[in-house]
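Just below sit the structures, each encoded as structure tokens.
In what follows, subunit A forms one complex with subunit B and a second complex with subunit C.
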Partner chain A sequence: MNGKYRILLPVLSLAFLLAAVFYLQPRAMSYFGLNLLFNLAVPIALATIAQMMIMMVNDIDLSIGTFVSFVACVTATFLHDTPVLGVAILLAAILAYAGLGALIHIRQLPAIVVTLGMSFVWGGLAVLLLPSPGGTAPVWIRSLMTVKPPLVPMAVVACVLIAGISHFLIMRSSTGTLLRAVGGNAQAVARSGWSVAKLKAGAYALAGFFGVLSGVCLVGLTTSADANIALRYTLLSIAGVILGGGEFTGGKISPVGAVIGALTLALAGSFLSFMRLSPDWQIGAQGAILILVLAVRLLFSRRNRKWKEAAQNG
Partner chain B sequence: MNIKAKLLGAAALVAVALPGHAIADTTDKRIALSNNYAGNSWRQAMLESWEKVGSKAVSDGIVAAADAFTTSENQATEQAAQIQNMILQGYDAIVINAASPTALNGAVKEACDAGIIVVSFDGIVTEPCAWRIAVDFKEMGRQQVEYLASRLPDGGNLLEIRGLAGVFVDDEIHAGIEQGVSENASFKIVGSVHGDWAQDVSQKAVAGILPSLPEIVGVVTQGGDGYGAAQAIKAAGRDVPVIVMGNRQDEMKWWAEARDADGYETLSLSIAPGVGTLAFWVAQQIFDGAEVPKDLTVPFLKVTQDTLDETLEATPEGSVANVEYSQADAKAVISDAN
Partner chain C sequence: MDKSFVLKLTDLPRRPWFWAFAASVLAFGATTYLTDGRGGAGLLSAALTFAAFSAIVGLGQMFVITLGPGNVDLSIPATMTLAATLALKFMHGETALVLPGLGVALLVGLGAGGFNYALIRLLRIPPIIATLSASFLYQSLAIWSNRGLRIKPPEVLADFTTGSFFGIPNMTLIGLLIAVLSWIVLERSIFGRWVSAFGQNTRAARLSGVPVEVVRAVTYISSAVLASLTGYFLASFSGGAALNMGAEYLLISIAVVVIGGSSIAGGNSNVPGIWGGALLMFLIVSMLNSYGLGAGVRLIMTGTIIIGIVAAASGKGRAV
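Coming up: the complex of A and B.
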């Protein structure tokens, strides 16, 4: 699919779902309603961007859910009680992510295995920090996540900001272009004299950074943490990236699409719940929505190719 | 709309006409159940009870709706989103069995700020604006020893079967048993195993520790483990001591058979899955203007020698003894707490 139209399908799916939700529940069509619909999608969007950074360099991160849970536990304990130590721990976590990226490249390890292993490390650390659910959200993040800007609700502002900043970072800056190139053709990048290990470490560090933001925002919304709070994010984030027009074959990503993909997934849950669908069917229905969108995408890209061929032959 | 208005009017009339009935201002209230998990017999029984009591209350015109929602995955973030959806759907009260005592607090606060009554039970939430219907697990442990003391005034050695290590419920019941033993000094716990609230695990664990134990006069348990303990002790060729049961159908069936054979006597106690219906009525009572303290305690369901037969008969195979609470029960719980 052409890069320009890559974003079209996620936007359309989100618009379609949003219209359906507004039809089912007109109350959602308000400042208050939009915030309730989307505020829990903010940490999911951040986790999706984190996952996107990894998928950008042709890897996949199976530990993002436990990493966000770990960050949430740090936020609700250290960042609240001793902010300096808390920030230090979070920085160390980002460094650990960067180190993982370098390690995966230098030792040529499969990222899927390394991150799966790390998911147990992060999960274990989270349980050590908070053996039983609890902790308190730092006041500043709580007030940031419950802020009521004029006209547009916080959730929407936050999503636009996330999409804008990550778009600028990845699609517009020169570093972003290099990072995408690592996913597209790492050898070419290496031959032109760039250090792929450094670039991969950078991409992983960015993932760690957005993962940290996700955990901090999540605690701002929930007010306290739980060692298992974000386990779902691993799969949600992968689905979000794909739904947003990204592909498993590195380099082909869309930050704006990823944010929209995350919003679509969050909205799909609300939509099914407003439909009063039995929970036994909900997971299946969520999967069906996903498959539907991907099928439509495949259809588009096939037709696109045919047109191109026709144009060349004609 | 017209029909609805007429029906509401009729319901109001009936309510006013009935002497001693609660004030009729809850007829338009809609109550939702937010449940995080439905994968075991206890939760299934809980949902069935809710459905039964809720639909009756709706058809009686006491409330306008009593809808149950279960999240498809047992995850706090998903349940938080579910609660936020309920706020949008305009429910007046949300009754919660929470996936996490703390991770839903943000969503619960949103609900409270929107003027919604939030009542949590079983899996309670710590957000101060919500009501909590908690189970006094500690008291459950203490009462077991108290019962044994009434049966065996001379005291003796006890075997303790604990639940799943590291879970809050296990710690609480254990603490209650310790307290009971310190109050009744003639008892001594000579052995302790983890039965994980499952009869097969308990049977294996008890069979393993039995050879090292002196004579035991009683077994204190946490529910789900009594049947396995009885089997293990019998297989070892020992006299079966007084095993406190936990309301599971297999436990009560074994108890009834032992009673018929040689007059075996014991006590069984656990939480009834119907506690969800108590939360339902508490929410209704709050609408009704009752002064309800934020922290309430559920009475646990006891099965004694006298009630064994009827309870066993009412409990489906493989399930747990259950009781549906009524409006009057809720009133009693509230007035006890006040």
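Coming up: the complex of A and C.
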């Protein structure tokens, strides 16, 4: 699939799902309904962008769910009680992410194992901070997440902002191009004089940054935190990136697609509850939707290849 | 004769699995040192039992990881849970149904592995996403059939999984048996050569006549079958199937492969290391436990130790 079609399928699947939801529940077609549908999608979209930063450099982050949970715990405790210390901890967490990126590159470690190990570390830290669910959301994030802009609900505005900013950062800026090049051909980047270790550290730091945003937003929505609050984000974020047209290797990613992928997954949950599907099948249906979209994507790319072949022959 | 023995001894540290066993011995020593040597036998027996579960799923994961970059089975926990739930439900605590129950578990494994492979092959989905999305389906099936009930395993089966034979836990014997079989398959059979060839260079393997798709299918199916077997035994061992029983085995199955010295990039695996890694994973946790550390610190230490081992063991001899 080339660049132009990459974004088409995620947009179509989101539109299809949205149409189905509106058909089943016409009342969702309102300011309030949309806000309700997409509210919890904001932190998922941010976590998906974080995952995308890692997948951009050909790695995969299996710790993002525990990391977001850890950030949520910090937000509900330190960031609320002693804001300066809270900010310092979150900055240190981003630095830790950058350090991991450098370590993974310098020692040529498998990212899947290192991040799996880190998921224990973040999980442990989160348990230390909040052994039982609790904490309080800082007032400013609470009011930021519940602000009611005119015409379009906050959740939609936030998602458009996230997509726009990350698109500009990754697809339009020179740094973004370099970062994607690390995923495409790290050797070529190194040969042309760039430090791949620094670039990889940068990509990981960006992932840490978006992970922090995700955790803070999540607490803004839920008002309290616990150590397991975002564990499912690991799988959701990987699925979101893939649904959005990203690939595992080659630095082929799409920030706008990733946000749309995250929205699709979040919407899938609401769609299924409108279908009155038993909660037992919720997770399974998300898996089925994922498989379905990938199957359609295969059809797209095959059709595309046939056209190209026909064009060449004709 | 003597000389060759000495040579072999000095050669040991160069074996990829050596460090996992050395670290296990250290962790064992550190734990028993604290208790003045008391409880050493109990700890050893517990370690051998729990390591057996990790080793069996680890062996399945090892074959999958040997296939090369991008190949990993993320559906292991869900397959374990589904197989255990369906098998225990089928047996319903009746002794006569123990063997048919095992058959049900293995069938679940065959089905799950076949489905995983079908997604990878027919829909060309990357294995990570294929096994991940399939695991959602298995998980839902397990939730649906379990309904929050905890069905007890047949008495005979519970006794067997917790029992021992001449002082060696039964589960250890099963784990060792599967390890020996896996070693023969990997090191002494044509299929093992095929798996390694697939992981080293799939294109070259295909061009030289290796039936690559058969290799991939058998590998994914055997991983799922080993997972369902573990689920069957683990549920009987712990007195019933729980929906979260497989959760920790995702990390463990990957960690034991890497700690055991197999290459995460594929193409080069070794079986003894799986047992070394499995023992180490259990002994680290029990060491941290016996030093009286809380759950949080224990998790942090476990994660740090895994990363430390991986950072120390790899990073040499691999071209950028």
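The rule is simple: the second predicted complex is superposed on the first by the 313 of 314 C-alpha atoms of A that agree within 3 Å, B and C clash if a C-alpha of one lies under 4 Å from a C-alpha of the other, contacts with A are read in each partner's own complex, and residues count from 1 in each chain.
Operating definition for what follows: a residue touches a chain if its C-beta (ideal position, glycine included) is under 8 Å from a C-beta of that chain, and two chains touch if they have at least 3 such contacts.
None of the values given here were measured: they were computed from a predicted structure.
In the superposed model, A:Ala190 makes contact with subunit C only, not with subunit B.
In the overlay built on the shared chain, the residue A:Ser270 is in contact with subunit B alone; subunit C does not reach it. Of the two partner chains placed around the shared chain by superposition, subunit C is the only one that A:Ile60 touches, whereas subunit B remains out of contact. Look at A:Leu109: by the touch rule set out above, it reaches subunit C but stays clear of subunit B. When the two complexes are overlaid on their common chain A, residue A:Gly164 makes contact with neither subunit B nor subunit C.
Look at A:Gly33: by the touch rule set out above, it reaches subunit B but stays clear of subunit C.
Legend: residue contacts after superposition of the two complexes on their common chain; A:Pro149 is shown touching neither subunit B nor subunit C.
When the two complexes are overlaid on their common chain A, residue A:Pro83 makes contact with neither subunit B nor subunit C. The contact surfaces that subunit B and subunit C form on subunit A in the two complexes overlap at residues 131, 280, 282-283, 286.
Of all residues in subunit C, those touching subunit A in their complex are 70, 72, 119, 123-126, 128-129, 132-137, 139-141, 143-144, 251, 254-255, 258, 264-265, 294-304, 306-307, 310-311, 314-315, 318, 320. Within the complex, the subunit B residues that touch subunit A are 38, 67, 69-73, 75-78, 80-82, 84-85, 87-90, 100-107, 109-110, 114, 126-127, 166, 168. Per the touch definition, subunit A reaches subunit C in the complex via residues 60, 103, 106-110, 112-114, 116-121, 123-128, 131, 186-187, 190, 235, 238-239, 242, 248-249, 278, 280-288, 290-291, 294-295, 298.
Every residue of subunit A that touches subunit B in the complex is listed here, in rising order: 25, 27-28, 32-33, 36-37, 39-40, 43, 131-135, 145, 218, 220-226, 228-233, 266, 269-270, 273-274, 276, 279-280, 282-283, 286.
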